[in-house]
Amino acid sequence: MPKPELLVAFPTPAESPFVVEHVADEFTSVCPVTGQPDFGAVTVRFEPRPAKAGGLCVELKSLKTYLQSFRNEGIYYESVTNRIRDDLARLMDPTWMLVKTDWKVRGGIRSVVRASHGVVPGMWAT
Amino acid sequence: MPKPELLVAFPTPAESPFVVEHVADEFTSVCPVTGQPDFGAVTVRFEPRPAKAGGLCVELKSLKTYLQSFRNEGIYYESVTNRIRDDLARLMDPTWMLVKTDWKVRGGIRSVVRASHGVVPGMWAT
Amino acid sequence: MPKPELLVAFPTPAESPFVVEHVADEFTSVCPVTGQPDFGAVTVRFEPRPAKAGGLCVELKSLKTYLQSFRNEGIYYESVTNRIRDDLARLMDPTWMLVKTDWKVRGGIRSVVRASHGVVPGMWAT
Amino acid sequence: MPKPELLVAFPTPAESPFVVEHVADEFTSVCPVTGQPDFGAVTVRFEPRPAKAGGLCVELKSLKTYLQSFRNEGIYYESVTNRIRDDLARLMDPTWMLVKTDWKVRGGIRSVVRASHGVVPGMWAT
Amino acid sequence: MPKPELLVAFPTPAESPFVVEHVADEFTSVCPVTGQPDFGAVTVRFEPRPAKAGGLCVELKSLKTYLQSFRNEGIYYESVTNRIRDDLARLMDPTWMLVKTDWKVRGGIRSVVRASHGVVPGMWAT
Amino acid sequence: MPKPELLVAFPTPAESPFVVEHVADEFTSVCPVTGQPDFGAVTVRFEPRPAKAGGLCVELKSLKTYLQSFRNEGIYYESVTNRIRDDLARLMDPTWMLVKTDWKVRGGIRSVVRASHGVVPGMWAT
Amino acid sequence: MPKPELLVAFPTPAESPFVVEHVADEFTSVCPVTGQPDFGAVTVRFEPRPAKAGGLCVELKSLKTYLQSFRNEGIYYESVTNRIRDDLARLMDPTWMLVKTDWKVRGGIRSVVRASHGVVPGMWAT
Amino acid sequence: MPKPELLVAFPTPAESPFVVEHVADEFTSVCPVTGQPDFGAVTVRFEPRPAKAGGLCVELKSLKTYLQSFRNEGIYYESVTNRIRDDLARLMDPTWMLVKTDWKVRGGIRSVVRASHGVVPGMWAT
Amino acid sequence: MPKPELLVAFPTPAESPFVVEHVADEFTSVCPVTGQPDFGAVTVRFEPRPAKAGGLCVELKSLKTYLQSFRNEGIYYESVTNRIRDDLARLMDPTWMLVKTDWKVRGGIRSVVRASHGVVPGMWAT
Amino acid sequence: MPKPELLVAFPTPAESPFVVEHVADEFTSVCPVTGQPDFGAVTVRFEPRPAKAGGLCVELKSLKTYLQSFRNEGIYYESVTNRIRDDLARLMDPTWMLVKTDWKVRGGIRSVVRASHGVVPGMWAT
């Protein structure tokens, strides 16, 4: 079961704007219909608020553990993506954030789902 | 014969905006002039309406079956692309949608056709 | 000698906007100065007018034959590109069109020439 | 139904040894169990016998038509590969031949099957 | 727990030699020391015995299910590889077989393990 | 310890605008928590002010030496990036600047951090 | 010594806008400090003025010879780039032009310098 | 018409063995059946005899001109390959030689033909 | 200082032959002449002796720590390679082993050094 | 003028066999016929004799300087290759050596020349 309580944040080290991107190529969950495992890559991209506004960054190891908590969860692609977006937005309340999940081929079709929080600038949205 | 009645949709799981992309690398239909098989990849990219507005997503397995229904259909590149766009727009009525078909070489020329529904943001249009 | 009379168009099958791209990797003409053969790839990208506005698409086989008519023509890169743009614009009168020619190395330099018709949207211009 | 009678051969044009390779990236057949379409690439590699020994080469267009005759055939990967090897060996009786089929992902697994005729030299066998 | 009893074989369809290769890019097991998930790709390559010698091929869907049975198993890279080799050799008794596992980066190091059965020809061993 | 005093600048050679980009693929520092070495690539991209406005460019060899001064420093990804941005902004006071750090996989996750100075045009920000 | 007098222009063949790009992968000059040779690629991209406005294009062979005149010149990256921009802008007076130089690794750092003339549209500036 | 009389050779500069490879990516001839142009790449690889044995190498510019003489020739893939092998073997009488032609897709099939002279070592034959 | 005492081995889990390969892309040491850091990738490939012959495999984490002990060591490419080969051969006494180091560009030249122990089969030696 | 006197060797650090490879991607010389610059990559691959047999390795910086001495030399591809082979063989007298030169496109043809010393094992010869 996804465990958002595993997520830990630390204060952003800067007042100037910056963009962080984490790509986890080793994500796996389970298809809620067939019970078969799904495999994908998860990209999290965000701009933390400035330090003086209490900006936060997700801690890398806690992100890893949180993503592992989906391992035996039966859940759809679209829900995985929106769920991670919600959990991380609640943790960090960033200026903007994009969560992208990129799934391996199923039935000859590969899928990509992107969920956003705030106004993601165009060059960061794809 | 293309069978839009095979398509099934499910309610979008989120109020926040998100973008879904499905790529089927194994599409085949038949050239209406020569009777020779055509091969290509079909990309479907869309933003469902929010849940509260009745937003819908196409179900992956039904998309696969629908695309297979073109297998023995004699139909031009441009018509395939516009047909899929029409059938999916009718099913989901998304905020915007892009359908792209990417065809294998014929007579030394490879072709790509893109049809859109609604206003596709620039970074999603290519 | 380039033969625009070989080009054939057919009515566009849709009212909604769509974009067509044809890439011919097997183009050859002759350098007018040295008499040596030139080799390149020709990309034609356009948005036909809507069907109700009499929109037209170039027929694929006629495009192939037209491009072959440059085979023994002595002509500069820049002129090839503008010539194809002119002939296809006359045939189809599209909403916009980009013709790109991508040439093999000559004297350690490879060249790309792009000619446009109408207002080509930024994401389609390169 | 696979139609070996579509295959045509022509006399090899040389006494010296040479190796021919044809790669068809657009092969499709049907899974005999699920009825789902399979997609793959077929490679045919062979050394014809010398002209004075009655060496033959498969004609390219007839090869295309023959491969298309599997389009609606329910048949396993292993049988497709051995069947093509048998039909072409019967047609050409080459010094050696390798038939390789390279299949798209099914259930997260992609497969390659290779069948040989005569003694395929090591550098040609993979 | 790895379940070799999930594996199913079918009789090879040919007397002539042929080589089968299955690549599963979606393998996961668990590190027995840290409890962290490991991710890798598993390649199985073999030459079945001739039909008249009772040659067998592993059935694709059963292979998928068998590989999934490692999902929550705590097991080392070297043991995974040798275990799969042993289970498949017992099932099919092929002329030769190579099992290769290709693991994602751990501590800045990526690893590949190959285990063989019988005499694997040089061009198939890497 | 990072040594900004190693950085040297030289006057920009032009009044017209231009953009400079340096990519150091061989950056290493140390994780402040685990004491393990981190490895990454550092990209510095900037537009110097015009010569008449006292524009400056960082000298290449001094940039190399400065980046090497992080070799045994225990410091987080986000801090490395912001620190380099601050040190170079202080040295050159460019019209705009982007500093990007691209880190190798840790715990199955690879990260990219980008810090900016001034208003970075969209096409330079990624 | 760079010899702009080697450059030759010819009248542009069109009234409609078009973009020309030349890429010379074989550029070499000499570092003014160490006397060591530098190697790089030079890209010249421009939109000539319309024919009726006296638009000009640089002739390809003269560009090659001009670039070769830097071979034994001791000159910095930034100066090479601005110098070529100045010489070509003087020759052609284009609507806009971008000159990009892309240099091989020195001291573990690879550099790219871009100098512009006029207002380079965003999609052409990188 | 292929003109072997265009070919020129020069004496090999060495007694020790060496291997020369020329790859012409810009080859074109004409299909004798359809009259359509064919496009391909021609690789010539050989070991000249030692200088004291009168070893010869084909001169590069003459090779270019010779290959251009196929431009309007109606000729099959297999014949092109064997013809070039014969003409070059006659010119140079090398210790061994391989001629490879690599053709663009026709009817969904791409072909490669290799003709050899003398005993081509295994690592040079593919 | 390289610390072979950090290396730990564990008993090989199989009697049948198998090959292990570890690739560490994050190796760094110091040039003994200039004091500048060197960066490279280290590949270790070996066949452990059978279990009954006391075969051993290097433990992955200890290999990581051992390779890190070169971080501030002034040592030549050739010596690094031979040193690692010697230390690992002493630890494991494998049937055969190859150690390859692949170094980043220095002075426009990139280098690869390979040292072997025992008789490395040809397909494993490069 | 090529200056073999610039080459310096140092004693090999090992009794066990090992293979060294240096790749210089920034080689340039001059065509003796046209006076135009040629550009290429030079690969030097060799096995030094054992230390007890007086084995030697070429020093990297001296190799760089030696290769630079061809910069303004008018010399053919084949002669460059054999000359480097001869100079390095005289310096080091290795067990075996391969010198490969890989040249940029001239007249639509790219060339590769390989010269060997001693008996180069097959897997090292290409």
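We just call them A, B, C, D, E, F, G, H, I and J in the order they show up, numbering each chain from 1.
FYI, a contact is a pair of C-beta atoms (placed from the backbone, for glycine too) under 8 Å apart; a residue touches a chain by one contact, two chains touch by 3 or more.
Because the structure is a prediction, the values reported are computed rather than measured.
*Asks:* Please work out which of A-D and I-J is bridged by more C-beta pairs in contact, and write that pair.
*Replies:* I-J
*Asks:* Select the interface copy of A-B from among E-F, E-I or A-D: the correct pair shares over half of its contact pairs, counted by residue number.
*Replies:* The chain pair with the recurring interface is E-I.
*Asks:* Could you work out how far the Cα centre of chain A sits from that of chain G, in whole Å?
*Replies:* 43
*Asks:* What is the distance in Å between the mean C-alpha positions of chain D and chain G?
*Replies:* One centre to the other, that is 51 Å.
*Asks:* I need the residues of chain D touching at least two other chains; which ones are they?
*Replies:* 25-26, 39, 104-105, 108, 122-123
*Asks:* Under the definition above, what is the set of chain B residues touching chain A in their complex?
*Replies:* Interface residues on the chain B side: 12-14, 16-26, 57, 60-61, 63-64, 121-124.
*Asks:* Please output the residues of chain H touching chain B within their complex, sorted ascending.
*Replies:* Touching chain B from chain H are residues 39, 104-105, 108.
*Asks:* Which residues of chain G touch chain J once you look at their complex with the stated criterion?
*Replies:* Going by the criterion above, the answer is residues 25-26, 28, 36-37, 39, 68, 71-72, 104.
*Asks:* Given the complex with chain B, which residues does chain A contribute to the contact?
*Replies:* Contacts found on chain A: 76, 78-79, 81-82, 85, 105-117, 122-123, 125-126.
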